[in-house]
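Below are the C-alpha cells for one structure; questions will follow.
Naming follows writing order (A, B and C), and every chain is counted from residue 1.
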Amino acid sequence: MRRLLVIAVALALPPAALADPPPSGIVHPSAPPGTPLVELGYQLYAGNCSSCHGSKGEGVPKLGAVEGAGDVPGAGPSLRSVGALSADFYLRTGYMPLDDPGHQPHRSRVLFSNHEIEAMVAYVASLGNGPPVPKPHPERGNVAEGLHLFTSHCAGCHQVVARGGYVTGGVAPPLSNSTDVQIAEAVRVGPYLMPTFSPHAISDRQLDSIIAYVAYAKHPDDRGGWSIGRLGPVPEGLVTWWIAIVALVASCLVLAGRLKS
Amino acid sequence: MTKFKDWLVAGAVLLLSKTHPSRRDDEQRIVPDAPPDPRAETWVLALFGLASLAAVGFIVVYALDRLSHQTQWLGVTLGLALAFLAAACTVIGKRLVATEELAEDYPQPDDHVGDQEAVVEIVEESGDRLSRKRLLKLGGAAAGGSLGLALLTPAVSLGPVFDMSRFYGTPWTRGRRLVDERGRPYRADGIEEAVFYTAYPEGADRETIGAPVLVVRLKPAALHLGSHKPVAEWAPQGILAYSKICTHAGCAIALYRKPTFPVTEPRPAFVCPCHYSTFDPATGGTVLFGPAGRPLPQLPLLVDPRGQLRARGNFDQPVGPSWWGVRMEKPNP
Amino acid sequence: MIRKVVRYLDERAGAAPLLRKALRYVFPDHWSFLLGEVALYCFVVLVGTGIYLTFFFEPSTLDTVYHGSYRPLQGLHMSEAYKSVVNISFSVKAGLLLRQTHHWAANVFVAAVILHLLRIFFTGAFRKPRTLTYFIGLTMLLLTLLEGYLGYSMVDDLLSGMGLAIGYAVALSLPFIGANLAALLWNGPYPGGHDFISRIYIAHVLVLPIAIGTLLTMHLVLVAARHHTQFTPRSERKVVGVPTFPGQTPRSIALTLWTAAVLFLLGGLIQINPIWLWGPYHVGDATNGAQPDWYLGWLIGGLRLVPGFDWTIGNYTLVPNPFWGGALFPLVVFAFLYLYPWLERKVTGDNAWHHVLDRPRDRPWRTAIGMAMLTWIVFVFIAGSADRALVDFGVSYVKQIWVYRVLVWVLPVVVLFVTKRVCEELLAGEKVESERRAAERAALLDTAG
C-alpha cells in the first residue's frame, strides 16, 4: 500500500520539475559590437562545441581524444553538412551543449542569447551545404490526417497523444513543449535514437498535418472532465484506488463500527 | 380569497406540524423506544431538499442545448443528488432509527445431523432394487458423458479448430509488390537509411497479421544475416523487410531505434512498444532484449526491372505470436 | 397502509414469517464487512449504465468512414464499433457521462472485490462453514476480470486492439491446445473473423453478467444461510449485531447511494479512456505506453519480466513465452487462492467450524503467507508500469527490469519473515500487557484486602 502511495505521489509531480539542469561552464566570448555573425558564431563554437565536434566541425570519431578548446574529452558527429536546421534544433531545445557525449540529450534551459544562437547557427550553416531552418505551415495541415500519420510514424515512441514514451536505450520525449519549427526540425534531423524522415518518407505537406495534430494534442478536446495526463489506464488506476476507494472506505467507516480493544 | 387562505394555513399545518403518533407500551414493543431527535430531522429535511434541487438541476442541464462542459455539469448534479440523499440516509441510520443489538444463533456442526442421515438413506434405499448397480452407473456415465460431448460438438463450427493451415499463411507471394498506405509501390531507390517504412502487400487485406511489414535500409557492410540468407535475396541493396507483428504478443512493432552517432549509442533496432522486445534488423531479426522467444520473420525481396520492391517469396517463418506448431512448417510459398 | 401491504403479501405469498425473519436478520457491525456491499452496489451501477450503453453500441468491425461532430477524426477509416462509441461520447446527450461512469464503476468494482477478498483472507473468514461462499466469490472475481477485459476490448480503439492482440497471444501460448483454442474463439488467426466482436459482445453483455449475477445471488444466499462472521469478544454460538430493519437498512441504502455518487461524480469530472484521443485500431498500428485497465496490470508485468525464450523440443514448441506471465502466473495465483482453505486445514489440522474471525496477527503464518503473495503480485504489477516510471524519473528500463526480476522473488521471502515476526511481536506485546494488567489488578486486590 505504501509503495503505491509513493508512486502515486511521484506520478503526481509535474515532469517539468525533473528536467536536467543545464551543463555548467558555458563560454561567452566578449566580441566587440559589429563583429560579423559568422565570426561570433565561430568564437562561440570554439569555446563550447569544438571539444566534441572538432575544431572545424569535422567531428571527433573516438571518445576521449581531446581536440580544440575546452577540457571536455568528447566525441561527436561531424557538422559539415547538417546545416542551419540541425544547429537551430539542438541549440534552441537546449539539447546542446551536452555535458557527457554518452548521455541522451534532454530538453533544458537554453544558456545562449538569441543573438548567440543565431551566430552559431550561421557558423554551422557556413560549414557546408546543409538544409536551412524549415518554415512549417501547420494551418495548411489537417488534424485528422495528422492523427493518422502520427499513429503510423510517431506514436510507437511518442505515445498517441504525444505524452512521450520509452525505447530500449532511450526516452522518446513528450512533445508538450515542442514548437512547430522544432517538430519540423526533429522529423528531418532524427535526434539521438529517432529515425530521420526525409521529404520522401514524410512530405512537407504531411509534416504540416503532423505539426497541426501535435499542436492539437497539447490541448485536445477534453470532454469528460479532468484529463489526468492522457496516459490511459495507469493514472486511471491511481484515481480508482486513491480517490474512489478511499472515499468509499471512508463512507464504510462512517456507517459502521470499528473494533473496540 | 379567504378560502384560499384557509387552504394555505391548512397545508402549512399539515406540512410543518410535528406528528405525535400514539406510542406503544414498552413491554409490547419489538423495536426499542428512544427519544426523538428534531435537529437530526431538520438535517435530513435539508438534505432531502438539496437532493431534490440537484436532481432537478440534472434535468435542467440535460435540457440545455448549448452548454460547455455538459458532461461535467451532468455528473456534478447527478452525483450531488445521490450524495445528498446518501448523507440523508446516513443521518437517518446514525441518528433517527433505534440502535439495537440483536443476537441470533449461529448454525452449529451438529444442527442437521438427522437430516443429513435421512437424505443419505433416501438416496441409498432408492437404489436397493438395482442388482447390477456398478454396471448401471457405468452405463449411465457413458450415456451422460457422450450426450454432453454431443451437445458440445456444434461449438466446433465456431472456428477452424483442427485446421492450422491459416496460421502458416500470409498474403505474400513471389512477385507481390510492396505498397505504402495509399497503395503506391515502394521503389528501391526511395528507401533511405535511418528511416523505417511500413509496407503492405498490394491488393491484399491489410487487417491480418501477415500483411504489414517493416522496411529499412542498412549499409551492406553492417549486415550479418548468416550463410543461409544470401544478401542478394534477403537484402538487395541493403534493403530488408520484416513482419511488423511482434513474435511475442502480436503487437505492431512501431518503433525503429536509429542511432545518430553510433559511437555513443546502441545499434539500429526494432522495438515493440507493448513489452519492449527489441530485434536486430542487421542479423535477421534476432532478439536483443525483452520477452520475445523467436526472431522477427523476414521477407525475402527482389527489385524488379522498374526499380520497384517485390516479395521474393514468403516469410522465412510464420508471423505473429508463437504456438505449438510455429517451428514445424515454413509459411506457404 | 403498511398493514394492508403486509396482509396483501401474506395472503398471496405466505410471506409474513419470512419477512419477519428477514427484518430481524442480524448484521455484525464492522466497517470491513461493508466492502463486499460496495462491490455489490458497483455491480448494480454497472448493470444500469451498461444496459443504457447497449442501446447505442454497434458490435461490428465493418469498415466505415467517420463524418461525425469530432473534427480530428473526420474522414478516417474505422470500425462501426469504434464509431458508435465516439458517437456515444460526442453525440448522445449524457452518453459520455454514462460511459465514463460505467468504466469507473468497472475499475472500482474490481478494487472493492479485491479489498473484500483481502479482508476475507486475512481474517480467516474463508474457513468452514463458509468455504463454498469463498469459492463462489473467487469464481466471480475470475469472471469479473474477464468481463472487464472484454468491455475494454470491444470498443476497437487503439488500446483495445493492442489488448486483444496480447490476449490472443496468451491464448495461443497455451501448450498443446493454444492455436486450436484461439482458432475456435477468434474464428481463425488474429484478428479473426468479423463475428469475433459479436461473440465478445454477447459474452460481455449477456453471458458473463448473468453468470456473475447468478453466482452473486448464490453468494448472498449462502452468507445469509451461514450468518455473517464476527470479531472477538463475541462467541461462536451467538451472532450479535444490528437487525436488517430498522438498523441496517438506512446504512445499506446510504452506502448504495454513496457508491453511486462517487461513481457518477468520477464519471462526470474525471476523464476515463478518452478513446477519441487513442484513435481507431488497425493491425499495423501501436502506441507507446499502452496499458490494460489496472486490474490486469499484473499480467502485463508478468509478460514483461519473463526473459526471452520459447521452450522447444525439436521443432515442437512446448511452451511459447507469453504462457509464463500471461497464463501460468494468474493460474498460480488463483490456484493458491482456491487451495488455501484446504492447505490450511491440512497443515494446522484445524477442521472445526469458525464463526469468530481472527485478527491478522492471531495467525502469523497465514498473514505472512498472504502478505508474501500480495507482495509478489503487487511487485509484478509495478514492473508492468516500469516504462512510465522511466519517462517520469529517467531510470533505465533495462536496469529496472533486471532489478524487478530479482526483487520479485526476493522481496516476498523477506516480507514473509518480517510479517510473521511483526505478528508474533504484536501478540507477545499483548500478552505482556494483559499479564501486567492482571498483576496490577491482583496487587490492587491485595492492598484492598
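General remarks:
Please note the rule applied: contacts are C-beta pairs under 8 Å (C-beta built on N, C-alpha and C of every residue); 3 or more make two chains touch, one makes a residue touch a chain.
Note that the structure is a prediction, hence the values are computed from the model and not measured.
Taken chain by chain, the contacts link every pair, so each chain touches all the others.
With centres taken as mean C-alpha coordinates, the chain found closest to the middle of all protein C-alpha atoms is B. Each chain gets a centre from the mean of its Cα atoms; for subunit A and subunit B, those two points are 33 Å apart.
Separating the centre of subunit B from that of subunit C, both taken as means of CA atoms, is a distance of 14 Å. The centroid of the Cα atoms in subunit A and the matching centroid in subunit C are 39 Å apart. Shared interface positions of subunit C, defined as residues touching 2 or more other chains, are 96, 100, 251, 254-255, 258, 262, 266, 268-269, 284-290, 387, 397-398.
Among the residues of subunit A, those touching two or more other chains are numbered 152, 155-157, 165-166, 168-169, 223-225, 251, 255.
In subunit B, the residues touching two or more other chains are 71-72, 75, 86, 90, 93, 198, 252-255, 273, 276, 289-290. Residues 61-63, 75-77, 101-102, 152, 155-157, 165-170, 189-198, 200-201, 223-225, 251, 254-255 of subunit A are the ones that touch subunit B when the two sit in their complex. Put simply, subunit C touches subunit B in their complex at residues 24-26, 93-94, 96-97, 100-101, 129, 162, 165-166, 168-170, 172-173, 175-176, 178-193, 199, 225-227, 236-243, 246-247, 249-251, 253-258, 260-262, 264-269, 282-290, 300, 303-310, 312, 315-318, 320-322, 325-326, 352-353, 355, 387, 397-398.
Those residues of subunit B lying in contact with subunit A across their complex are 71-72, 75, 86, 90, 93-94, 181, 190, 192, 194-198, 252-261, 263-266, 269, 271, 273, 276, 278, 288-290.
Interface residues of subunit A facing subunit C in the complex, by the touch rule stated above, are 3-4, 7, 10-11, 13, 15, 18, 143-145, 147-148, 151-152, 155-161, 163-166, 168-169, 171-172, 174, 213, 216-217, 220-228, 230-234, 236-237, 239-241, 243-245, 247-249, 251-253, 255-259.
Residue ranges of subunit C in contact with subunit A, taken from their complex: 29-35, 38, 70-76, 89-90, 96, 100, 104, 107-108, 111-112, 115, 158-159, 231, 251, 254-255, 258-259, 262-263, 266, 268-274, 276-279, 284-294, 297, 359, 378, 382, 385, 387-394, 397-398.
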